[in-house]
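The chains carry the letters A, B, C and D, assigned in the order they are written, with residues numbered from 1 in each.
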Amino acid sequence: MAGLLDPLFRSGPMCAVFADRARLQGMLDFEAALARAAARAGAIPQRAGPAIAASCRAELFDPVALARGTVLAGNPAAPMVQALTALVAKKNASAARYVHWGATSQDAIDTGAVLQLRAALDLIEADARRLAAALARSARKYRRTPMAGRTLLQQAVPITFGLKAAGALNALERSRARLRELRPRVLVIQFGGAAGTLASLGPRGLAVGQALAARLGLRQPAMPWHAHRDRVAEAATVLGLLTGTLGKIAKDIALLMQTEIGEAREPAAQGKGRSSAMPHKRNPVDAAIVLAAATKVPALVSVMLSAMTQEQERGLGNWQAEWETLPEICLLCGGALEHLAQALEGLEVDAQRMRANLDLTRGLILAEAVSSALAPELGRDTAHALVEQACRRALSEERPLRDVLAEEPKIERLLAPEQLDRLLDPVNYLGAAEKFVARVLAARAGRKK
Amino acid sequence: MAGLLDPLFRSGPMCAVFADRARLQGMLDFEAALARAAARAGAIPQRAGPAIAASCRAELFDPVALARGTVLAGNPAAPMVQALTALVAKKNASAARYVHWGATSQDAIDTGAVLQLRAALDLIEADARRLAAALARSARKYRRTPMAGRTLLQQAVPITFGLKAAGALNALERSRARLRELRPRVLVIQFGGAAGTLASLGPRGLAVGQALAARLGLRQPAMPWHAHRDRVAEAATVLGLLTGTLGKIAKDIALLMQTEIGEAREPAAQGKGRSSAMPHKRNPVDAAIVLAAATKVPALVSVMLSAMTQEQERGLGNWQAEWETLPEICLLCGGALEHLAQALEGLEVDAQRMRANLDLTRGLILAEAVSSALAPELGRDTAHALVEQACRRALSEERPLRDVLAEEPKIERLLAPEQLDRLLDPVNYLGAAEKFVARVLAARAGRKK
Amino acid sequence: MAGLLDPLFRSGPMCAVFADRARLQGMLDFEAALARAAARAGAIPQRAGPAIAASCRAELFDPVALARGTVLAGNPAAPMVQALTALVAKKNASAARYVHWGATSQDAIDTGAVLQLRAALDLIEADARRLAAALARSARKYRRTPMAGRTLLQQAVPITFGLKAAGALNALERSRARLRELRPRVLVIQFGGAAGTLASLGPRGLAVGQALAARLGLRQPAMPWHAHRDRVAEAATVLGLLTGTLGKIAKDIALLMQTEIGEAREPAAQGKGRSSAMPHKRNPVDAAIVLAAATKVPALVSVMLSAMTQEQERGLGNWQAEWETLPEICLLCGGALEHLAQALEGLEVDAQRMRANLDLTRGLILAEAVSSALAPELGRDTAHALVEQACRRALSEERPLRDVLAEEPKIERLLAPEQLDRLLDPVNYLGAAEKFVARVLAARAGRKK
Amino acid sequence: MAGLLDPLFRSGPMCAVFADRARLQGMLDFEAALARAAARAGAIPQRAGPAIAASCRAELFDPVALARGTVLAGNPAAPMVQALTALVAKKNASAARYVHWGATSQDAIDTGAVLQLRAALDLIEADARRLAAALARSARKYRRTPMAGRTLLQQAVPITFGLKAAGALNALERSRARLRELRPRVLVIQFGGAAGTLASLGPRGLAVGQALAARLGLRQPAMPWHAHRDRVAEAATVLGLLTGTLGKIAKDIALLMQTEIGEAREPAAQGKGRSSAMPHKRNPVDAAIVLAAATKVPALVSVMLSAMTQEQERGLGNWQAEWETLPEICLLCGGALEHLAQALEGLEVDAQRMRANLDLTRGLILAEAVSSALAPELGRDTAHALVEQACRRALSEERPLRDVLAEEPKIERLLAPEQLDRLLDPVNYLGAAEKFVARVLAARAGRKK
């Protein structure tokens, strides 16, 4: 896990969850729980359970031999079962007969993957909580800090930085709700035997399954889901939605960090974002990593969806396509989340620069405020046209909009100079921004209770 | 909607939901509800509300002029607002001043799209219910009909056709649950004005929003979501998961329809699936359509996810990328669902052929039954090896597995001929199949209550 | 073609190429050419050729009936053949016997699609030439116009606008080269009969194919390619690469159009980019359209690639997935190209603003120039560290870099004030920019000869 | 490289090409060549060249420290340059001043990646040649071996296994041609300095670039291509097309391996494709691996295309998204190629079973032969209808088509019994199959000369 780019794109704990050894241990946890469950249900001798379980420790296995066996079998479970059987046999030949009892390779692989996924979801929830807290703090702190709202990359009307943070928080909370709803559907065992009937367990199949699920802390589904992959594909989509939201937040940060805008910056760290060629630069490193994830994950989600059309009782190629794809989605999403939480926790916000940028258009950004004020008298369209004309003049003559408007007789008649001043002050044109922030924070508080 | 391929890939009602006129009407429904809501909240004169609403009928608009205006404005709402204003002005010049009051183009476009989506979800739910009913009937009817379970396209052990149908039903019910959970998150208004503050409505913004939502039967979100697209992207993912499940079912049908397998067939219809070159063929038309959707939709979902990283307060290109993508996902998913419901309702199941195919391997398909029976005595591994050897001999000598097994002394000692016969009868090796079917049907019944 | 959003995302001529009628005519062109070719090769009676060809006109067909027949047959060729046969029979019963002689539905569908693709490639080449000419003009005109080079959205070192244009031109020329290389591989007939053997034509198959290809102006491939889809998938990838390049150029324009940067603007047009809420805005409409295409096309390309794993001699669902996907790629790429060519032909470049933005960092953007000048004496690392320190001081004290540098004894010793002034003038730090522009223009000229 | 799943999905040599150390060495090769080139061009002192180059060996670097530095810098080149400078300084302080002279991080990263890609393309070409040879042998050997052609998974008309192999070979040769055409566009240096002007090299930029390219055996492009990514994206698409073709071939093999078809099998190997539950099974392992790649690679290609819209002079997130994606495409494509070459080299073809399956429909598969023979007399449509009717009767009465046809007076009149027999023998209905095989082999031979 000491890869050159891993620490950049992925988090350490998540890498541990999806390391090869953890993948192996996931399958072994299945085998151990199965042995104990089968023993308890009377499907295998009582003492075979603990005897088998005792050998289900990843560190006892030779990874190179397993990898070689995987190539032959076409999956990593078959050589694991063989090796486990040999291990158990060394200590207890009769127990070795009952290794993997009633199960098929897919049962071990899928249940192991679900166990890894559970650990991954826990990590993601923890970092999402951290990010949500940082966003909530920003929403509250900057709820009255005006800045330019920008649509299609152009200044539109003023907003507040708190509103921007609240929008991000609100979206993040929706992702957290999806993650909660996902759990009962995906945190289930896979247990069906060769083709999903548990036939080799005779009448004890369901009882073994129930005990197996209980032992692993997973739910027992109505029936095996070998070739119906919506459960794991859903996990991919929910993480895809979360990654998309992270990408949106990161893009905003990167755009605000532009030299010409400079309204926010990722927190500084010794040497962070250093350019090898330009001594004065500080690059948006966290945002870049998050955006890289947001560029890659949607396609990986499409792989999981494409892979759903699995043949009959077990897929051919499409199931195998999942093995590294769902982990990679977790890794990239988790890495992006860690980077973004870090960036948001230390985000440097430049309220002065925000205010200065609001003045950049010499009042044009408040054109709507003026046309809205005129509309009840003149009608929305006429008011719009009149102000648009003034804007064009202000632009071409490089003068403040206020001065141009003041010269327009139709406007002079309707708006006194003080009114015009008030209309052209951004803090007077923030509408429901603060209320929206309060609603988002209240909704969040409600959910936390 | 008379496109050459539309009727093949899409359903008529869904095409109506996403026709250009319906898109326009969706935006007009927003404008009508906004006018009434603003009037009610006192944001515009009382009588302007109905005056504006009266003109909000798509048939009053010139589609060619709107299309031309759309190119200039870069979105379809701006020319719609202009045309609506002109229409209202013809009858009531003063009301015309209040058209689109407080809103921005995106408010009309997004809310209109949500209204279309609601209609689409209703259609999908109706067809999903139909498909679920057909699958439930099959699950019940064929719960004891044995057939070959196939993994990696090879015969594995027997299952029942009922179990296969139950697996599909169970997956479909999960998609229906997701569709229910999705609704409160996506069936919401979009209403924020120029940059999400509702500033031009002054203190009345939230009240207008509340009335607007009530009028449209949508929820009012905590705040506008202009550039946070997880709501609509989630709709795409949920439909993507459903399409994947449909594709899986269709692929099974197509595989069962193979000349060499022939266990099921799409219902016949006069001229259906006719080949222009081969008079004897009947092609799996419905399955092909569903699989085409399952090939396309995952990528369209990735577009919706990729498009989530929208810039600041309104996206540049990525928002526009959604406009035709989400409708297309609905259309393809809906078309696939209609085709598949039809196919399943009339599916021809050939239980005789299923039975015959079970005998194709001269007993090999029940090898696991024998090795399972031997395992308690011989150990799983030894039993497996012994039976594998017998299988290889049966294969090379083209003899029934039963005969080869009967010659093997170690087996003869443990299994009497009648036992061997019973072990090699597929109906005795169906494990929990029937119980699984019952569990799926019970879970479904529980949900229906 | 009168769709609400079509004129926004697609070009008129390209819509005509892919209209339903053109799709039908493509198949009919195949049938006409086949009839004449078969007659010429003696496979059918001499007079049947022109008799059949005479009815191969799309306007003679009932589109509604064809659409209905398409649903039954699962493809549009079968009902077309039926209808054509009936049409021919009205005038010449004996000729009607020879309609579609030796062919299968896929032959008509694929060859028709290739004919449409050829028309699409012609349109794309024409607009690509237009765009290339506009970029070449910009490259030449602005080859000495300095502006800030920006990496990771931050000012880095100066470049010229001509260099930026040349980079775009160079990439576009590579796409044009790919389009040329693609033609011989994709502009081929599809002709194999039921399963690719042309068996029903007996010994005349190849001769008919040769005459057919000659008539359509297509090449005859070594053998039919029914289920090998790399030819059409390659067309998708080449257009995908082109669309990516268009998206890159559009994103640069949109970024340069930002209120805070303002260095370039899409050409103005009456009402273009008008905001319904903000009178002063002019949105980057063309760039948004191009970026929407660049968001969608990559996923559509992945559909074409995913669809390549077609079953045996004809695909099941994956072939059908191509039918609307390749046209959509052409439409979106073509639309983006038209918008971008238009934008580039009238692009408003603000050289003054470019110069002003170069001064925004008070000299920081030329930090590298200084450290490069110091490096031979001090070593790259020491020079870098020294200048970085000065940059930080200039930033925190809000002073020009020049003044801070001048105070640094180590620097003062090595650089005279005039040297410092020269180093800090952007026009003196443009390196090979002009030479690069010349190389790109020369390469282009070389290719045009 | 000792990963659990790596040996399954990837080949050993390709893993070596893309190992972290190789990535580092790629960048170091750039630095070494740059130092020598700069020295030669007089940009840095003569002796600095070899002094720097001597330290450019990956084994001298601490991977953990590099990984840590990568997180801070946001890219792996910056810490590499720092570490290299320190290494050089230990031996030659003055040479250390000239490390990375004139270059930017992206120059090292991109050029290093191109060097890795060149090695990858060499490996792929070698395995593609191997696969092509195997396919050519099959095409020749089985050019007269009849089997059922299958369209939409149903038997259509006879083909030969040689024709199937020739189709695959022909597609593969097209991919090889694309790989050749790709090389001059992608095997180029990246060298532009901070923003693509080589400004810090003053007038020597181009000369250094030329020497650098010569040293690395790469071409010097007209200008740097920092943010124009079509070169590397094209590599992705070309490998995507190849992977699609591999997937198509693998799917055919898997379908032919079905228990009920059994016409071909992957070569046996001790323990290969062993099922943990079913002793009699031999799973299509190679095909599954290839199909897994064909499921994943299209989405990865879409990442490369999506990532093309890079901002200004260096991308933000999208460039970073390429770093692991292009290698992964090479790895998966290379792994699939190796598996498929192996499978094809040892493919077990069961010509007897092919013949037996042709008889499965009791003659229906030759229905077209009969209707083609009747068409000149009766007309295509009447003949088709007549034979279709006979087919239906043969099906429902479970009788040979021959017997039913013989009873039909209209047919009896036109076709003598011997004629009927000849028509219904598959070997007489293979059309141009053998000629097509010859054309494909000839085209290949022509190219090899």
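A few remarks follow.
In the analysis below, a residue touches a chain if its C-beta (ideal position, glycine included) is under 8 Å from a C-beta of that chain, and two chains touch if they have at least 3 such contacts.
Just so we're clear, the structure is a prediction, and the values are computed from it rather than from any experiment.
Pairs B-D and A-D differ in how many C-beta pairs touch across them, and the larger number is found at A-D.
Centre to centre, using the average C-alpha position, chain A and chain D are separated by 32 Å. In this assembly, the C-alpha centroid of chain C lies 23 Å from the C-alpha centroid of chain D. Residue numbers of chain B whose C-beta contacts span two or more other chains: 100, 150-153, 156-157, 193-194, 200, 247, 250, 254-255, 275, 277-278, 283-284, 288, 291, 294-295, 298-299, 302-303, 306, 316, 368. Taken as a graph of touching chains, this assembly is fully connected, with contact between every pair of chains. The touching residues of chain B, counted against chain A in their complex, run 82, 85, 93-94, 96-101, 149-153, 156-159, 163, 166-168, 170-171, 174-175, 177-178, 181, 185, 193-202, 205-206, 221-231, 233-234, 237-238, 240-241, 243-245, 247-248, 250-252, 255, 291, 294-295, 297-299, 301-303, 305-306, 308-316, 368-369, 372, 375-376, 378-382, 429-433, 435-437, 439-440, 443. Against chain A, the residues of chain D that register as touching in their complex are 2-9, 20, 23-24, 63-64, 66-74, 76-78, 81, 100, 103-105, 193-194, 200, 247, 250, 254, 269-278, 283-285, 287-292, 294-296, 298-300, 302-303, 306-307, 316-318, 320-321, 323-325. On the chain B side of its complex with chain D, the touching residues are 148, 150-157, 254-255, 257-261, 275, 277-284, 288, 299, 302, 306, 357, 360-361, 364-365, 367-368, 371, 384-385, 387-388, 391, 395, 401.
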